[in-house]
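Think of it as A, B and C in the order they're written, each chain with its own count starting at 1.
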Amino acid sequence: MEAIILQILNGLDKGSAYALIALGLTLIFGTLGVVNFAHGALFMIGAFCAVTLSRLISLSHEVAVEGKVDFLGNPATESVPYIYDWFGRATGDAIIDWAVPLSILFAIPVMMLIGVIMERGLIKHFYNRPHADQILVTFGLAIVLQEIIKYYYGANPIPTPAPDAFRGSFDFGAAMGFDPNTIIYPYWRLVYFAFAAVIIGAVFAFLQFTTFGMVVRAGMADRETVGLLGINIDRRFTIMFGLAAAVAGLAGVMYTPINSPNYHMGMDFLVLSFVVVVVGGMGSLPGAVLAGFLLGILESFASMGAVLEVLPGLNQIIIYLVAIIILLTRPRGLMGRKGVMED
Amino acid sequence: MLGLNKKDFRLLMIVLGLTMLAPFILNPFPSSSGLAQFNAGYPDLMQRFVIFGIFAIGFNILFGLTGYLSFGHAAFLGVGSYGAMWMMKLFSLNVIPAIIMGVIVAGIFAVAVGYVSLRRSGIYFSILTLAFAQMSYALAYSVLTPITGGETGLQIKSTDSPLLSNLAEGEIGRANLFGMDMRASYEMAVGDWLFTFNAGYYIAAVFMLISFYLAIRIFRSPFGTMLRAVKSNQTRMYYTGLNARPYTLAAFVISGMYAGLAGGLLVAMDTQVGPERMFWTASGEVVLMTILGGAGTLIGPVLGAGAIKYMENILSKINKDILHQWFAFLPDGLEDFIITLVYPFIGKGWHLTLGLIFMAVVIFLPGGLVEGGQRIKRLFSRKKKPGDDEADKASQSTPAE
Amino acid sequence: MGILEVKDVNKRFGGLQALGDVNLSVEDQSVHAIIGPNGAGKSTLLNVLVGKLIPDTGSVMFDGQSVLGRKPYEINQMGISRVFQTPEIFGDLTVMENMMIPIFAKRDGAFRMHAIESMAKEKAIIEQATEMLENLNLADDRDMHAAAMSRGNKRRLEIGMCLAQEPRLLLLDEPTAGMARADTNATIDLLKQIKDERDITIAIIEHDMHVVFSLAERITVLAQGTPLVEDTPDNIKGHPKVREAYLGESA
């Protein structure tokens, strides 16, 4: 029992990331009809937003330390972040400590802007081109984006820790009446799951309860008719692209403490997220979320020692295996709509 | 000639000439000049040109003709490599059985993957092939370690003693063709130039020529026309009494066998293989090659493969010092400025250049380098003889645009 | 016994009865039109005939053999060719190649791996295709991409491609929909010519009464998924039930 709960929990954080990326992919596919292979790159850029912000707020200058000299007899200096000068030491430390959550505020406008530029500058020219062309051009863009990041940030992963308050783990076992130390779960992963749930909820609420969202949903179902009503669907779709970019970016920001960001993390997640989208059903938002969590948890179960003893390597292939089976038995995916990409 | 029309035969002869004279053509700069680093006439790179040319030619038979975009073709290359490797380890160090084994194994694997994947089309097909390739990669990397050597891959070791090769105890076997060592080279020094004629390269080049010739035949055959019909309109195909599935499967298997041939040749040249050869970025690379050169054209994939392998090996070697040498004639400030501008695109950043070129091609030149060449040719022929417009139009195959 | 016998065919989509107890017999070498208002089930019936849909009950026999459960290409190989509402041709291929493909399909069946032979060496097929194109007045466009042709010419080509297979039964789905008058008349003339020259049965679904009455020998009126009447054009024109259900006061 404990083992099962632990595996479900373990699957949640990866599942959250899959779900968030797949959600954005589906939004873009559903609204614009574009298959975006650069979506993983947006996730990665989000993660590097966190890196950038934590570097920015740690910018320092050299200050002489009174009464101390170094071994050459010159006055000793130490580097002091500017932020100490502005807010004092204690607040400054707290801000630096909370760099990752703070990056959310930084990432939202940045990612929206990148998304809108991408859509207006590139994607919109590909609405009427074949899906293969869309895949190819966004694939090229993904390479370009990750190479730019690699040029400025290097090829090595950059550790970006969570705030002190969230380090350590929560003992689920003790809390739920099982033996202590059987179900240990890092706090930050809980935060990540909660965060993902909030974002997903917000996106659905936005689409469900606002006029804007209603128009977008109508546009997803039948673009032509909505266009005929005289509603400028294109501008709304541009904004949706920005929103999808922001969702991917935020997923990336919050993922940094779980996995130190590197320039190819986007591609790693993209391949799996595409599989998730296809399993969930191309164009279905609930399908994307459901499949994201489902596959995350499945992957985690497949990594259990007991499973690997019987079927070694299952954890490596389980997602692909499930995708193949689902695509062959339910071509439209778990919750796919009729008529979406049937040929 | 050889069952080809005049134009195709001329193309084949041009390719024949280029591959046979490649050691000269790719080595235009004397070794003491500053431009010598742009020479590509060394065996290792030349082998890659033709081997990846084969890979791309095969991919183009699937993607260029049927429009099915496979994102997992590297799996067949990898499987072919493993098959060839085991043939060399166990049976003979002669490359011919190894290469044949590579083609067969890749072909069988392609039948299985294609049978399943081709039940879907469009993006679903792309994802299915991607999933199969990633599965193969993951399996080769972990579970199948006894067969694949896991992360370190397979090499020929001193403990290997192939059935047909009489090796002395502890001798490490070398790949050969009926006794001719793949690494054997004849070097010819002419003045300041050094030209290398490598046995392995020429063997690979012969395979490439055969592959290219067969590809031309397929393109010009009724079968090739059917494949283009699949791309153009599957509905009409089915309502014309034709079953598109076996046609696409045949194209898939043929292109898988081409990949297997390329994989086998890779092993024949460097006698090693690792799972990274099957990673999805390797599949992406062959897509890039084909599109860059011109999907659906005969010569495009070969050009694309050459261009990308050239960039990978030459562009990536340029470093800051070399840049400083080049721009030394400029005033210091300007020199630094230009180098700062250029630097991100070369050396380790060559992927950035590749990505940008690729995007530009997809956006502006969907027909790839071949289309670019045609446009330039048209531009010039129009400038030269403005009166020849009519003849020019007549020579185009799509007059009604 | 007609060449095409539809017996008691029913097809439901969810709560909608698309076809209800359809019985239809098409005489060999006749021109049979199926008319009816929108939503009468014409297209559903056509899709059943070509194997795209499988009916819930009933049987469809072509020349004594059941077509049910067979794939579209198998049904085509039995001798039923279909012309679509919007011309379905191979747009990226040349007009000549378009014309050659059905002849290959006729000669080689659903699949043949002729990968090394040369297209240029298929003299017999080239000859036959050239002749077809000449008959259709499309010979001048033979090297043009089919997608670049006018709509009227696309329709001619599509009909020609179907005829090249020498089908026993030619199914036409609103072949003149969206066409200008001149193109419509040209298509009618072409179909008349085909009827006179070949041993062929034509079943046509059509909205345009002008087309129907200039071609059809028998007419079936479909309403709400069920055949209302079947008769000669003259009788249909005066039939009260038809006036009521379909032609309205304007007829």
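We take it that a contact is a pair of C-beta atoms (placed from the backbone, for glycine too) under 8 Å apart; a residue touches a chain by one contact, two chains touch by 3 or more.
Everything numeric in this text was worked out from a predicted model, so none of it was measured.
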item: Chains touching both chain B and chain C; value: none
item: Furthest chain, CA centroid comparison against chain C; value: A
item: Between chain B and chain C, centroid-to-centroid distance (C-alpha), Å; value: 46
item: Separation of chain A from chain C, taking each centre as the mean of its C-alpha atoms, in whole Å; value: 52
item: Centre distance in Å when chain A and chain B are each reduced to the mean of their C-alpha atoms; value: 35
item: Complex contacts: residues of chain B adjacent to chain A; value: 67, 69, 116, 119-124, 126-128, 130-132, 134-135, 138-139, 141-144, 234, 280-281, 284, 287, 291, 344, 348-349, 351-352, 354-356, 358-359, 362-363, 366
item: Complex contact set, residues of chain C against chain B; value: 50, 71-73, 76-77, 81-82, 84, 88-94, 97, 100-102, 104-106, 108-122, 143-145, 148-149, 161, 165
item: Residues of chain B defined as touching chain C within the complex; value: 3-5, 214, 217-218, 220-226, 228-229, 231-233, 235-243, 246-247, 250, 254, 397-401
item: Contact footprint of chain B on chain A as seen in their complex; value: 35, 122, 125, 130-133, 135-137, 139-144, 147-148, 150-151, 267, 271, 274-275, 278, 282, 312-313, 316-317, 320-321, 323-324, 327-328, 331, 341, 343
